[in-house]
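This report concerns only the one structure given below.
Letters are used for the chains, namely A, B and C, taken in the order the chains are written, and counting of residues starts over at 1 for each.
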């Protein structure tokens, strides 16, 4: 009994020691802003801006922020950054995640915040309509394109495995599907034929990942013959050593990614300065280096080869996201919902 | 002879195989400020962290009234994912009941090289982030499988992922019981000519059934909720390999909070039913023994 | 018959557990040790480990206190609603991680009454460390209870009763007799809770806000690094988590008396 008691005491001591160590570590990891500031100026208070964006522009923003902090407007500004799925991030801001500057993949994610009163309704009244980067939907293939994929019609051939994410979880998937649909419809097909194309396309999809990036991983991991994805994702993958090629089909959709400052920001001046910087030449060039198409006319494309598809169309040509989201992706009555159900029913049998 | 089991599901019954009447731990009725404080703390803790948040989810699911709830739960997608999830979880729970017991037996009674390490590894699925588990399984059993087994993007893959994350449960509930089991009766039976199968089914098994039941309940509950590892390896095809937690995720992404909450409520209710059922099974086994 | 059964068990374990885990090791060091070191010494990685340590520490402490209290209540006491309590303990296992985050936000988010009251007194729950601790506690709730309760049951309360008749008060009895008698099971339960806290992703992801360097745990980092084609860092971090958990488990087994292992 005495022995047991002393052993217990030793254990208490060691647990306390471990606790002290962890507390020490926790002291270093406090959630207060770092006091070792990136801001160098001694006058002027340090301002902290919170940037919340979807996942793919992370690399670009890290560089852009560093460049911004070299300018006069940015030298007293520190940033917290958060990246994740576009929908997730938008919902997080709606639920109270502090944000001064937001950027999403789909306009509907921005509209959610407008409806919640967190972004001014006039966010898209500028020249670029609130967008800060463009891209297109491309067809990503294995290096050397062994299957000879060139166009949308190749994707519905028998035996071709197409990778695209789940359109009910991923904004990227919606761009993909509307690109395919739009390519039919803007070239003379009727709406019914366009819908049939989508049905044929989805029948060739063996895997539906939860996000665009995850589907890229699935493809580079060896599954599928072709991946539908953002052009900037394909460039990103190539820059990270993945063995892929991509084709921008003649008819494809222009992907436009919206950004805005929030109406709840406590630092509107600095936030606007950052937004202006993001529209500026230097930032647009950084975006280009990371595979995005600049939105500003005449911006430096940093040597990237951005082919100009002859049949480029936008989501507005198909009715705009609000209408498309309801018509195609409504959970009960959407066209794609119906297609998935019909496919599923036949598959389940 | 087994002691009464007041602690219910999840607690392994430690049998006393001796013929002497077991010393029943006395149960003190709850009185006195110490016990009241303890109970108050426990209830408060559970309420703040589990009960109130879950109640909020259930309430959210009722936001559109019962018809809204029913509709969200009976859409073809929801129905399909619920069937797949409950079905796969039942299969996994049963496999675990058998394999978990077998593994526990081997670890306790057999000599195995590297047994200590293997024993420690059993708990690994607890520590592994689900994405890593999914990645590891995908690499081993996917398109680039080094062992030549490509089962990715099938229902079988869902089962394999679930088996991985639920591996420890039955093993860990059965092991302590097997360790405590007095082998006298088994030896007596053997000396009377009983074969190993008879000994196992007539003598050992009745003593470990409550532990197996407890572990099976836990693994069922866990399988129902698994998300990360199944997403990667199952391919997530609607109506084919999409599990309920992924469906819930999709509903959230589509801003259909009420729908997501409704399906979650169904998962909770089913799990609760299974937990209670297995708890009753334990009590019945205890009284029989 | 017996060797065959033994073989089946070992084969099952090999294919389900050993091969995948070995693969993690392999994938981590596939390109040599330098990328691993680079990945682990990156500031974002170090922050992530600190944040994980803080969250896991508080979650484990809270759950240990809860677990021991609940185990004693369930085993040594009778009260109305005991069976309900017992069934509720295991329920968190059945909750999808996606829902855990949602549930906490529904109650403690800054748009709710409770959330606003709390932020009024300067306490941020969601998108901050406290929310992450709560999410982690949620998923670990059964672990300590279920490790300790069987042992309490097995030991019986004879010694505690003896101490009471000799005049020891409840606190003394608890500290001198109950606690030492369950220390092995308690250590095991604590280590399991620790391992689970280190590895939780889904529930924490939703409530964390994914603030790089502030609320990004190692599991969130693993996910993000993997998706950014930085496999080495992702696997290295995952491996470190796993090694920590395994070491803790082995240590707990060495400390544990016979009721856990032979």
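Convention: a contact is a pair of C-beta atoms (placed from the backbone, for glycine too) under 8 Å apart; a residue touches a chain by one contact, two chains touch by 3 or more.
Everything numeric here is computed off the predicted structure, so don't read it as measured data.
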item	value
Topology of the chain contact graph, where touching chains are joined (line, ring, star, complete, other)	complete
Pair joined by more contacting C-beta pairs (A-B or B-C)	B-C
Euclidean distance of C-alpha centroids - chain A vs chain C, Å	32
Chain A and chain B: spacing of chain centres that average the CA atoms, whole Å	37
Euclidean distance of C-alpha centroids - chain B vs chain C, Å	16
Per-residue overlap in chain C, given as positions that touch at least 2 other chains	226
Chain B residues counted as touching two or more neighbouring chains	249, 252
Set of chain A residues in contact with two or more other chains	88, 214
In the complex with chain A, residue positions of chain C that touch it	47, 50-51, 53-54, 57, 61, 105, 109-111, 115, 126-129, 176, 179-181, 183, 205-206, 209-215, 224, 226-229, 255
Residue ranges of chain A touching chain C (in the complex, touch as defined)	4-5, 7-8, 11, 19, 22-23, 25-26, 28-29, 31, 55, 58-59, 80-84, 88-89, 92, 95-98, 211, 213-214, 217, 236-237, 240-242
In the complex, chain B residues that touch chain C	3, 5-12, 14, 23, 25-30, 32, 34-35, 38-39, 41-43, 45-46, 49-54, 56-57, 60, 99, 102-103, 105-106, 108, 110, 112, 116, 118-133, 135-137, 139-140, 146-147, 160, 163-164, 167, 173, 175-176, 179-180, 196-197, 217-218, 221-222, 224-228, 244-245, 248-249, 252, 257, 260-261, 264, 267-268, 271-272, 275-276, 279
Complex contacts: residues of chain C adjacent to chain B	1-2, 5-6, 8-10, 12-13, 15-21, 23-24, 27, 62, 66, 69-79, 82-83, 85-100, 102-104, 106-108, 134, 137-138, 141-142, 145-146, 149-151, 153-154, 156-158, 161, 170-171, 192, 195-196, 198-202, 218-219, 222-223, 226, 235, 238, 241-242, 244-246, 249-250, 253, 258-262
Chain B to chain A touching residues, read off their complex	75-77, 80, 138, 142-144, 152-153, 231-232, 235-240, 242, 246, 249-256, 259
